[in-house]
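Naming follows writing order (A, B and C), and every chain is counted from residue 1.
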Amino acid sequence: MNAHRSLTRREWLVLTCAGTLAFFGIWALASLAGLTSRQFLPPPWTVAEKFVELTYQPFSGATLQKHLLSSFGRFGMGFALAVLIGIPLGLILGWFRWADAIVSPLFDALRFVAPIAWVPFAALWFGTGIGGPVLIIFTGAFPPCVINAHRGARYVDQTLIEAARTLGARHWHIITEVLLPASVPSIVAGLRVSAGLGWQSLVGAELIVASSGIGYVLVKGQASISTSIVMSGMIAIGIVGFAIDALLRRIEVQLRRRRGDER
Amino acid sequence: MARIRNGRSEPSRLAVGGLTLLGVILLWYVATSITQTIPPVYFPTPAEVLQALRQISLQGYADGRLQQHFFHSCWLVLMGFMVAVGIGVPLGMLMGWSRRAEAFVNPTFLLLRPIPPLAWIPLAIVWLGLGDAAKVLVIWFAAFVPAVINSYAGVRSIEPYLIEAARSLGVRGAMLVREVLFPGALPLIFTGLRLSLQACWTTLVAGELIGAIVGLGHVLYQAGLDLFPAMIVVGMIGVAIGGGLMTAALGWLETRAMPWHRR
Amino acid sequence: MRMHLRQLMLAAVVAVIGTATQAQLTEIKVSYQPALYWALPFYVAEEKGWWAELGLKATFSTFPAGVPQIAASASKSWDVGGVGSVPAVLGAARYNLLTIGLTNDESAGNALVAVASKAEGFAKNPQSIKGQTIVLTANSTGDYAVQSCLAKWGLKKSDLIIKSMGQAEIISAMSSKNAELGGLWAPNIYTMEEKEGAKVICSGKDTGTVIPGALVVRADYAKEQPENVAKFLAVYLRAWKWMNAHRPEAIALMKKFYDLGGVSISQASMEKEFDTRPTFDLTGQLKVMKGGDASDVDKWMTQISEFMKSTGTLAEPPPASRYVTDEYMRMVEADPKLREFANRSN
């Protein structure tokens, strides 16, 4: 790996703790220094207190967990849709060059359009249904799924494909039995990025068009001039986002180990 | 891992891309104007989009003409991008190089990373007001993460023996960074730059929610408020073009910076 | 096991009876925005079970603002609802929404607010507002109120810098001293007054402009189910009648309703909502809608249309007579049962 020596367990622990303390320390000092008002930067303990309070006292119609749950539900649907459509599409694009030539330019064009720009259309097409947020999440989560499946399929070892061909495999078989298994590492890496972007897009959508959910909590906290609610919301979003990423990373590592190419 | 070379040359790929775009526009025209399979209330016709384009270029829309919006957005993106890269790449490289630095900085990074850039809007307004600084902050958060991660991975990917070899020749410090680390990490750094740039453009729309007077994101926001789908499409096209041009520029920079590297 | 079976049968019987009574109720999809004064009747009616009394089962959808609310009508997500008059005009132009009544007169509830330190200065000398930045939500009643205030002082939008953003962002900007003037509507006005000492320097009322709130319905729904539209109006009217007759209980319900929307303002501010925002009973509604194009409501909506034309949002606003209609209010008046229901104050 890297030339620099690895840390001992103790060194790592000490430095990690030091880093964490530094972060909270600077935060605490900045808020206490009095150059900032309560609204500007509430101290960490105020935020922690507010966070806990939100878990048992409903704000804007529900407790923090309930809001998180509705957000997560929307995220789940949008992400599932992105995966179910994106991965097969990516594999097909990786296999059929002509499909790639046609679709890729479109894809490259749409990539830069923020999911949040689709919000007016989401309201128009889906109204109040879950379709609206799902559309937004889909636009965020879709590209990485396709791109990574595409890359995985494109760079599959040619000998495998040749072998499958000589055994008489048709397109469909090649895609499902050669490309798919070979692309799994790339796909799983793409899933992590996709999940991250999907979760972020959801929050964006909820800042504008929602009446429940964690993004909604952020807006309502802002309207009540409560920076601690806003920060509690941000922490909650961060925790869930981190958890999703950690879960997918676990899966990625397990898969790598299983396939024996641990880097 | 052998890869069959794509026999097609560059110009013909461009031609196919152009043809595809034309085909999509044709399909769009037929679906909306001729057959009305998509009712006009749900999605604008090409004619309506052209009309909106004319309006924003000649008379102006959302307090400005198309050029003003376009260039102001490009400017914001560039600012956010430079700041993110200026801080993110060195930080990522440092973390990749020194396990100590990594252990120390990681807690802060892990805590802040999952928070979506959009969620920083309430705080950005409180800390930096309604000017360009707040927008750049939001964009910065989005672009910062990919820059750090990929620079980190870039440094880590350098073969240890190269570093040992350089060291044994007496190369140290700044020279080591300049002659060994930086070039070695460059491919992945550029991957990070691409991702950062894309993040900048997608977050731009969100950033310009903070009291913008001109900008493509502002156009998108205003068009959303006016329920003017044709103008939303014009805004999306503007963003796609801006993003595409900047990515192409980045690609050119990449080939100049790494003439030895074949993509 | 036998106990279990008996309980199951009991539950099944109850469920069947329940659904039987439910089956007689027609569903109606109602939309509104949370924690707003004019939406209170929907909440109160639901709490009191008045929808069911007329054979309706109301399902609600809430929206953070008027614009997504009217956009959602395009996909028939809701049938009837309440919305600000500015989005109502936009909805009439784009999505065939009819205005069938008024929610309230919110002229006093939409205002130009200034931060504590600057309020007196601006109030004494409005001309000093020239060159300043006003943050407001475009295409809203708040925007309209600010426009009217500027017109009253002989100022034009081009004399200032206008920045558009959501109400929450406006509050954030003003309370963190990053903006000094904002166009807000209630209860956000009260939040700023109570928590930051901000002051209203001019409301819609001060300019003599009437800013109504609108009761709306999708045109095709109104054609299919006119009786339900009339019933909807009757429920809404009854709720206001009851609240005006039982103020303390109404305030208590208002606190709960606002809480659900994440807003908490003082008792005094809640009373102020009732005191400064007149509502219309059946007679009142018919009166302001009487006279075809010459009716008060037509006049007010036409003024709003002109406002939207001046901001460039609507190039050709539809004439008010095309979407304002008292047909459904008259249905309530004509039906003795509905008329009695709408006028009940207990």
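Everything below uses one rule, namely that contacts are C-beta pairs under 8 Å (C-beta built on N, C-alpha and C of every residue); 3 or more make two chains touch, one makes a residue touch a chain.
Note that this is a predicted model, so its numbers are computed, not measured.
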{"item": "Centrality ranking, top chain (CA atoms only)", "value": "A"}
{"item": "Chain pair with the greatest number of C-beta contact pairs", "value": "A-B"}
{"item": "Inter-chain centre distance, chain B versus chain C - centres from mean C-alpha coordinates, in Å", "value": "40"}
{"item": "Mean-CA-position distance for chain C and chain A (Å)", "value": "37"}
{"item": "Centre-of-Cα separation between chain B and chain A, whole angstrom", "value": "17"}
{"item": "Sequence positions of chain B contacting 2 or more other chains", "value": "41-42, 121-122, 126-127, 224, 227"}
{"item": "Two or more partner chains touched - positions in chain C", "value": "71, 74, 166, 168-169, 172, 176"}
{"item": "Multi-chain contact residues (two or more partners), chain A", "value": "39-40, 119-120, 124-125, 221-222"}
{"item": "Residue numbers on chain B that touch chain C, as the complex places them", "value": "41-42, 61, 121-122, 125-130, 209-213, 221-222, 224-227"}
{"item": "In the complex with chain C, residue positions of chain A that touch it", "value": "39-40, 58-61, 119-120, 123-129, 208-211, 216-217, 219-225"}
{"item": "Parts of chain C lying in touch with chain B, wherever the complex brings them together", "value": "67, 70-71, 74, 90, 94-95, 133, 135, 138-139, 161, 163-166, 168-169, 172-173, 176, 178-179, 312-313"}
{"item": "Residues on chain B engaged by chain A in the complex (per definition of touch)", "value": "1-4, 6, 13, 16-18, 20-21, 23-24, 41-43, 96-100, 103-108, 110-123, 126-127, 155-156, 158, 160, 163-164, 167, 198, 201-206, 217, 220, 223-224, 227, 229, 232, 235-236, 239-240, 242-244"}
{"item": "Contacting residues of chain C [partner chain A, same complex]", "value": "31, 34, 61-64, 68, 71-78, 166-169, 171-172, 175-176, 188, 191, 195-196, 259-264"}
